[in-house]
Each structure stands twice: as structure tokens, then as C-alpha cells.
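Some structures are shown below for you to check.
Both of the next two complexes hold chain A, though its partner changes from chain B to chain C.
And then the complex of A and B:
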């Protein structure tokens, strides 16, 4: 690289003729083909091929020992009549709305509050962001300590005189789902905040300046400058949130295993226990296909956007 | 005057929020240093009346956290390195040369990463049984690399595409092949993006639970995240030991975050703006 400058000056003398250049452009060298094909093959073996198999398995009855038997759409008709599945579907929608909605609102609010560089902002950002680096299992155990009977949660309620609310948070079917959403939110808000901070930073300050000159107050500037300018980030955050919600598994598994009585069951946990605990691999695959279909709309939206930006 | 009041309100509110975020963590750290007798006598919701580090010894040796941490590193380090190398190669070829169908390939690879992993769990676990990889760390490395590649390639592609073309042209004129251009020209310029993705993928792979419990079965082979669940079963009501195990499992990613803080955050933003 040290000879770069002289090399540039030689361009005209030793450059390839247009014909050579076109040929090289049309036929990539074997090395370049390998650069693409090797990673693509790795992903094919561990992602594309298994995904196709997953669809096929959803049409079979299979215990993992005998070869799978093809039963058509039998698993799907069974899903339609399965109360646990329906409960898990409803819980997944609740999860999407509460976990997704509140983490977007919370993350956006925090980003607005903490966007201006001032004393202490670095510390606040770091505090909100710290849980993001923990695994969801670590998060779960931190909160499990918090939820223990007579633990911090109960002590706090007692301190403010609300002891009649105290209950076994994770063991009560009424509260289990929400007691799992709370730690998930605690971890997600800092993540969404960082995404929005990056988006806010990218907004041209001149826009705000111009709006201020025109007499727009803070709320009007938020509504007519900031939010429209964040359209791109919003699309990403929305995709990330929906995909994360549908994938959510670790924290539920670590806190409740989907119980008690399936009250905190999500599609992802039900799929896992159907497949690997009840050893109903075909049925589990059918649940996975349902998750896939739910995620598909979002993924397509994401890709269409990526495609358009790339063009 | 009003300004000072508003600043005061801002800091009071934010300090409370920061406490809400850091409080549970500090509570667990405090819990990890209490003795069993203290917890039995004063309850889990009480402030510490004792101090011990024996909990860490119990989690470390009796609870098998040492073994689990070694497993985690044996999986995470090679998986991060392999992912980044493969993704950089693919991103380089796709962004700097006119490979036929490059856009379709790139989007297909990204789409693979966006798939819900649930659809892959059963086939992947069966495939690893078929190839004899089931219950080996190699299987976990392979599936982590395969599943992550699409995203890393996409992000690196976006980064490499925006690098100026003059250097590459000059090197081509000098007779450098794609391999040399990759190693000497593009890769050094991609270092910030690689650092960001490296820090991110380290925490993702280190923190993973689902893939580990899908392709591994033996307790001795579990990385630290699934091992933490096992610890919870082993020390059912010894909250101090569970807390110590939790702290041990959280420290490595926290260190990576603190060391690569800037890269880490820019990595998240990189994924967002792309």
C-alpha cells in the first residue's frame, strides 16, 4: 500500500483495455465465486435446507425414532382445535402489543430525553443500556430474585401500603405473563433507545433551526420535523421488535417454562415443548410454520425496504 | 430560575429511572455476598447482614460454572471469528465486483437470518444427529455461524459498498488479484465495522440459550447461559449461590461491552441505519 501514489499515476500507461475490463466484469474469477459460494453453502446447510425440511415435517407425524409418516394437513387441523395453541397465540399477540408497543414508546421517550449532550447524560444512557448486554437468562434470574415471595417486589409494595396486592407473581396464572413481560421490557428499552438515538443524531439540525425560526414550538417540531425524519428508523425498529417478539423464548423458558397452566405460554415455548418434550416433531413443526407465517409479513416489509435502498 | 428548576427535575427523574434499571442488578450483586443463614433468617427481601465470597466458590466449582465458561469461550471465539471471516469474504465479492445475481444472493442470505429459529430447530437437531455432530460444541459453532452469516454479510456489504473505488482500481492496475485487494485494501478499511460486529456477535453467541439446548444434551458441554438454568435447579433455594452464578455469567459480556463500548453502540446503530 505504500506504493499507492505512484501506482495511481501509472494508470493510463498500464491500464487494461476496455475489452479486457468488460470480460473481467462479466466473468468473475473462480476465487471470487468461492468467496460467495462458501458462505452461501454454509448458510444453505444450516438454514435454507433445514427451513425447507421444517415445512415438510409439519405435514408428517413423527416421534423422532421411526421415520416420519406423511399425514397432509392433519397437524394444522389439530392446531385449530387445540386450546393451548389458541392460548399461546393470544399470549403472543399480547406479548407483541405490550412488549413491542411499550419498548418502542419507552425507548423513543428515553432517546428524546437523552439526545442532548449535557452533564450526566452519558451515565443515564449507560444505565439504561446495561441490561442489553446481559443474556435473557441472566435477566430472568435477576428478576426471579426480585419476584421471590417476600423478595424486593413484595417489600416495596408493603412499604407503600399495598400489601393486599402481593401474590406469587410468577406462579399465579393471572399475573405470570405480565411478570415475564416486565423483565423483557427492562432489557429491550435500552436497545430501542440506542436505535432512536442514532436516528435522532442523523437529523439535520438545520431543519429544527428552520422550524424554530418559523415559530414552531417544541411539540410542533417533534410532530412535524422529528417524527417524519425518523421514518427509516421506525421501519427498522418495528421489524426488529416484531421479529424479537415472535422469537422470544429464553426469558419465558427461564422464568416459567410457559406455565402455570400454559398461562404464559407463547408460540415459541409451545413449539419447543411439543417438539422436544412431548416428542411430537411433526406437530411442533406445524407450530413453527405458524410462527414463520406471522414473521413473514414483517420480513418481506424489511427486505422490500432494504431492496429499495440498495437500488 | 425556571431553567435551574427544569434541570433539577430532569436529573431527579433520570436518577430515579437509572436506579430502577441498576437497582435489580445491584440487588443481585448484594444477594450474592450473603450467607445462607443470613437469607434464611432475614429473608430474600432484606438488606445484607453478612458478607461472604464462598457463594462464588460454590457456583464456580460445585455448580460447574468454570466448565461452562470454558465451553462458552470454546464456542464463542471460533464462532465469532469464522462468522466474520466468511461474512467479510462474501460481502467483499458481492459489494466490489459485478457477481451475477448479487442482489438476490445478498437478500436471500439476509432473509435466512430473519427467519424465526423455531422453524429450524427440529431439522437442525436431526441433521446434527445424522452427521454425528449432535451433542458436540462443533455443532453449536456451525449453527451459530450459519444462522448469523446473513446479517453480518448484509451489514458488511453496506459498509464495503460505500468505500471509495479509487484504491481498488489502483491496486487492480498494479496487478493485484481479488485476494490481495481483499486482504490489503478493503479489509483494513473495514476494521471499524468488523470491530462493531465482533463485539455484537460475541454477546449474541455468548448469550444464546435456544441453539445450545437444541444441539447439546450433556450437562458438561453446556455453555454458561443454559448452565445457569441448570444451576437454578441444582441450588433450588440457595438464592445467594444462584445470584453468584448470575453475576459470573454476566461479567464476560459486560467486560466486552465496557471495553468496546463505542463499537458496540455503533454496531447496533449500523444495523439500524442499514
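And then the complex of A and C:
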């Protein structure tokens, strides 16, 4: 959300130009100005302003009751020495790599498999997309039943003779994080698949036709036609993945609350528990700022590269 | 929106005013928070009561009490019931808002005192002048450090080891009185192929705090426990380590599946004869089928050191009012009604839970279980509330982390207690 801010403000700053001669062409219509300014005003109050306040709060100590006390960079120096924060950062990186990486691979793979119109393909697409429609909290409830002691997961393992692997999936610090990534992936793959399906549909069939004429095999067409053509979709997918990874909260909270003892803690859940459970809103804001900077760095890094290649 | 002025000076001015917190937390944070406080009807002069008693029976019971109060003619009130977890996170927002609801369900003890010290609670000493029947112990926990009453209790309940009478008869075992008898009981149950001690930590890790509270008040006594929870003692103190040494003696008898499921499922496990006994508060009965309740009994947490005055956990629920209420007289009238025998008996009769009325003359349910629980609390030299109520909701997660980690990795107790002390210090420091 916040990453869109610069673009919007730039548009609004453009306003009427000094060149009055070609009024019709250069000066935007009042309706257009209204369309830009009204959302900008609303965004300013509900997005930019609170976001700036968040930066300010990250420099304070605040329990939500008394006025915040300014403490400079105290929260950030505390973050540097906080083992739980480091753990949450590592978990977030693991989450970004596994959840992000696997959902791109899975989603792209599924899109390639299901792009051709064959009989029954609609059923498979719908089946893969269904988890996206569920609220993540509902997803979490379903998966909790799956993971519960003597639940479906344990029964499956017993059925194939692997009962020595059975453990309290969500309560074991070794497995908790991965047990949460799985349902998140289950959902995200369908979403990414739909994005890629749309991208694949937009590729001009003539390009494939021409490549085939030139004797390119399926692998070469994928490598040299399909993937380069999907660059625009990739930018969208990457942004969505990075933002979704960093804001992943509901599924973790609903399944483990970041526990047991912080082993499945992400930055987002740690931010929530610091702010709203420990009532250290200043410290929570500092974590939120770190999340913001991470998201911005990853996405800006990609966008800068993408634009440079375009130019 | 009309007064929005993007000019820089005005903007910076707002930034300086950020302390007022008018917009609440930053958007980054508030994205996680849910709804704001409910509508407050000031025009009609009705007293608004925010209630976290969201289980269907308790909600209906509260609504009935308010209905009876409205019929009485001494004022009008409305009740607004909110899911308890939402309520917990939103309560500070309600209390600090410019136009807060008048009355709130909440807990006695240090959580209420904490709000009182910030001048957010109405002084209800007048109401207490009419509550001469109430015991001193309840008056004490309703009084803030400056000596004024800020809380009116409605009910309390107790914690104990619950078990099925038929199972104990089948296994030929008796209620233990001492720690040694308790360990023998655990050994006997284990030899019969039952997990002796049930627990439910998945999703409800705070249940482990009952073990910590009880061991601490049995070994070190209630005064030390309160000081520890108030930040006047250290969690890495050898006295605290002694608590965990005791706990470790019975760790092998805990149900290993208890880590993975919440206390509601631990209740089911107890009723399904999979576990022998379960240290829990009486609220667990909400999750139990009615016909199973007749077979349930409980025993007091065993005595470890007979020299330590016996204390029991008796979490007290009740009400406090906002200092900013527009109608203090009406609010106090409602509080007086809520503290009455009539209102409390209505609540006890309508709610399914096992609770004791705060008013000594109000009739509790006459089941043998309730009689036994009431007697246990009456005989206690001291009452404690519960970990979060004797400290704060902010300290509770530090306990959850430390205790669940201890149950998993008892060898690391020194490191765990050091971490606990560090994170507790952060909470106390703010």
C-alpha cells in the first residue's frame, strides 16, 4: 500500500502547467483533477498521515494510555540486541524464500499445465483457486484439524507406516514454522497461478507460431518466448509475493500465535504481540518500520532493475 | 476531511500533536487491530455497559440483569457484548477515547489498579458504602493504592485438579493432600496406562501459568508471588528456580499431547478418560457436556510446605467505570444494582458456568462441587487472582514463552529464567 505512495503524490503534484496556450491539451479537466485529488486527500488522512505517525511512534515509548515519550533511536538499538527479533527476521527470510519461491514455481508450473483449453481443465483451475476464496482464518481452522494430535496428518503417516515421524506439528519448535508455511502455500499457489494464466493468455500466439517455424522446441519456446513475455506479470507477482510474505500474519496467528516460544514468530506477528499484547506500541512501531523498509528495499530493487532493462 | 491542509507547517504541527494519539496507532499497526468501540448513546442518558461475557449463556444472563435493572426505574442501561479477545485488546482504546462507554466488565486486582493509577477509572467508594456485607478480602482487591474503591466484584471462581469420580473409584485412588501423595497418585495412574496430568497449551498457553502460580504460592507464599509479579522480585531468583525444580518432578506425568491442543480439548480428553486429572479453572465446564458434570469432582492443589499459609487462586470478575462517564450517578446506580443479591443470583441462575457470587448472601448453585469450591476459598488465608490479573496482560506472554519452553526443555531452566527476567524488565519499563 505504502509503496504506491510516491507514484500517487507525483501525479497530484503535476497539477496545471504554466503553459496556458494549448489549454485544451495540457490542462487536465477538472473532473480528472478531482479524480486525483479526492483519493489523494482520503489517502493522506487514512494512509500517509498514520504511516508518518508510525515513524514518529517508533521513536517513542508508548503504552497506548499515556502520551508517548520521545526516546530517540532507543527502540532500534533494542531491536539490534533482541534475540526474538533476530529469530523473527530469520523466520521472515525463510518465509519469503519458501513461501515466495515455492508459490512462484508452483503457480507458474500450474499455469503452464492448465493454460491449454482441454476437457476438465476448468475443474482443475477452480480446484486450485478455491483456497484463495477462503478466508485465511478458515483455512487455518481446516489445517488445525489436519494437524491436531491423532488428526488427519497423523493418520496418513500411520497408514503408510511412518508413525515414528509423528509429532505435535504446530507445538514442536522444529516443525511449527513449516507446518504454517504449507497452508499459506496451498492458498497462494492458486492465486499466483491465476496471475500467470492471465499473463500467458496475453502472449501473442503468433510469437509461438514464428518460433515453431524457426524450429524451436518446447523448452526453447518457454525459455526465449514465454518467460521474456511475462516480464510485466513477474513484476506484479514479485510485488504481491513480497508484500504478502511480509504481511503474512493471520495464518500464523490463527495456527500458532508465533509460538511455541517464538519459534514460528514472523516480524508481523512479533510486531502485533509487542504492540498489542505487551502494550509496547513504540517498539511495535519500530518493528513495523523495519517491515516497511524491507518491503520497499526488495520491491524497489526489482523495479529499478526492471526499468533499467526497459530503457 | 474539510479541514485537511497539506501545507508543511500545519503538517508538522499535526506531527507534534501526534502524542494525543487521536488517530490511534499507526496504520501499519492498526491494520492489525479490529473494530473501534461501539456506539455510545449519550443523548438518551442510558448507561452503556461494555461486556466481554460473550459465551451465549453469560451474554443472555447479562442481558437479563440489564432488563431487570431497566424495569426497576432507577435508570436506563444498555449492554454491548464484545468477543472477549477483541475486548481485551480494545479495552485501553475504550477507556482513553474521548467519549467512552460508561461501564466495563473486567478483573479486579493489579489490572484494574493499573488503569486507576492513570486516572481512567471512576471512584466508586460511594457504592462500596452500601456493600457492608462484602468480605474484607474482596474490598481489598477492589481498592487502589491510594485507598479509594475503583472496582465492584460480581463473581469469582476457583482453580483445582478436576477429575472424574467414577475413574478415581475404578482406579482405586484417593484425592492427594500432600505433594508426596500427589506424586504417588501420578505414578499409580501412569501404571494404569493413563496420562496422569492433562493440560492444554496449544492456543491457550496461559493455562501453564496456573501451575507456576500454584507452585509459587505453595512454596514461596502469596506475598512473594505478588511481589514477583509486580516486578519487585526477580524471575532468576533461586526461590523461583525452586518452583521449577518441584514442577520438574511431575513433568514426566504430563499428557504429551497437551502441548498441541487447547484447554477445551484437554477437557474432552479428561472426560474421555484419556487423562486422569486436569488443573484448570471452573470455566472449563462451559466446554463440557452437562451430563458429564455430575461425575466431576476436584481436589485442592496439594500442600508442599505446611509452614506456608494456604493461598488459593480466586480470579474475581466484576465491573469498573470510566472516569469520563457523562452520568456518574446513573453509573453508580447500575453498579449498586449489579452488586446486589438479586442481580448476582440472576446471573448465577442464568449462566451455565460454575461461578460463585461475590455477595456473601447471594445463593450459589447448590451442587456439591460448588459447595466444596466455596468452602476451599473461604478457608484460604490468602487469595490470589491469576498470573495476568496479579501482574498485567502485558506480562502474560513472557510467562507463556518461559513456561512452554520449560515444559519442552526443562534442562535449560537457567537460561529460560534469565530470558524471562529480561523480557519482564522490558514490560515493566514500558
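As a convention for this text, the second predicted complex is superposed on the first by the 259 of 311 C-alpha atoms of A that agree within 3 Å, B and C clash if a C-alpha of one lies under 4 Å from a C-alpha of the other, contacts with A are read in each partner's own complex, and residues count from 1 in each chain.
Methods note: contacts are C-beta pairs under 8 Å (C-beta built on N, C-alpha and C of every residue); 3 or more make two chains touch, one makes a residue touch a chain.
Note that the structure is a prediction, hence the values are computed from the model and not measured.
In the superposition on chain A, A:165 makes contact with neither chain B nor chain C. Ranking chain B and chain C by residues of chain A touched puts B first. By the touch criterion defined above, A:154 reaches chain B but does not reach chain C.
Once the two complexes are laid over each other on the shared chain, residue contacts for A:210 go to neither chain B nor chain C. In the superposed model, A:273 makes contact with chain C only, not with chain B. In the superposition on chain A, A:141 makes contact with chain B only, not with chain C. In the superposed model, A:93 makes contact with neither chain B nor chain C. In the superposition on chain A, A:67 makes contact with chain C only, while chain B stays out of contact range. By the touch criterion defined above, A:191 lies against chain B but remains apart from chain C after alignment on the C-alpha atoms of chain A. When both complexes are overlaid on chain A, the residue A:218 reaches neither chain B nor chain C. With the contact threshold set out at the top, residues 42, 45-47, 49-51, 53-55, 57, 64, 148, 150, 247, 249, 268, 271-272, 275-276, 281, 284-285, 288-289, 291-292 of chain A are in contact with chain B in one structure and with chain C in the other.
The touching residues of chain C, when paired with chain A in their complex, are 1, 4, 6, 14-15, 18-21, 23, 25-33, 89, 92-93, 95-96, 115, 118, 120, 201-203, 205, 256-257, 259-261, 265, 392-394, 396-398, 400-402, 404-405, 408, 419, 423, 426-427, 430.
Contacts from chain A toward chain C in the complex involve residues 41-42, 44-47, 49-57, 61-68, 78, 83-84, 147-150, 168-173, 247, 249, 257, 259-262, 268, 271-273, 275-281, 283-285, 288-289, 291-292.
Looking at the complex, you find that chain A touches chain B at residues 1, 3-4, 7-8, 10-11, 14-16, 25-26, 28-29, 31-33, 35-36, 38-40, 42-43, 45-51, 53-55, 57, 64, 110, 113-114, 120, 123-124, 127-131, 133-138, 141-146, 148, 150-152, 154-155, 186, 190-191, 194-195, 197-199, 202, 232-233, 236-237, 240, 243, 246-247, 249-250, 253-254, 267-268, 271-272, 275-276, 281, 284-285, 287-289, 291-292, 295, 299, 302-303, 306-307, 310. Interface residues of chain B, counted against chain A in their complex, comprise 10-11, 14, 17-18, 21-22, 24-25, 27-28, 31, 43-46, 86-87, 89-90, 92-94, 97-100, 102-103, 105-127, 142-143, 145-147, 149-150, 153-154, 166-167, 169-171, 173-174, 177-179, 182, 184-185, 203, 206-210, 214, 225-226, 228-229, 232, 239, 242-243, 245-246, 249-250, 253-254, 256-257, 264-265, 268-269, 271-274.
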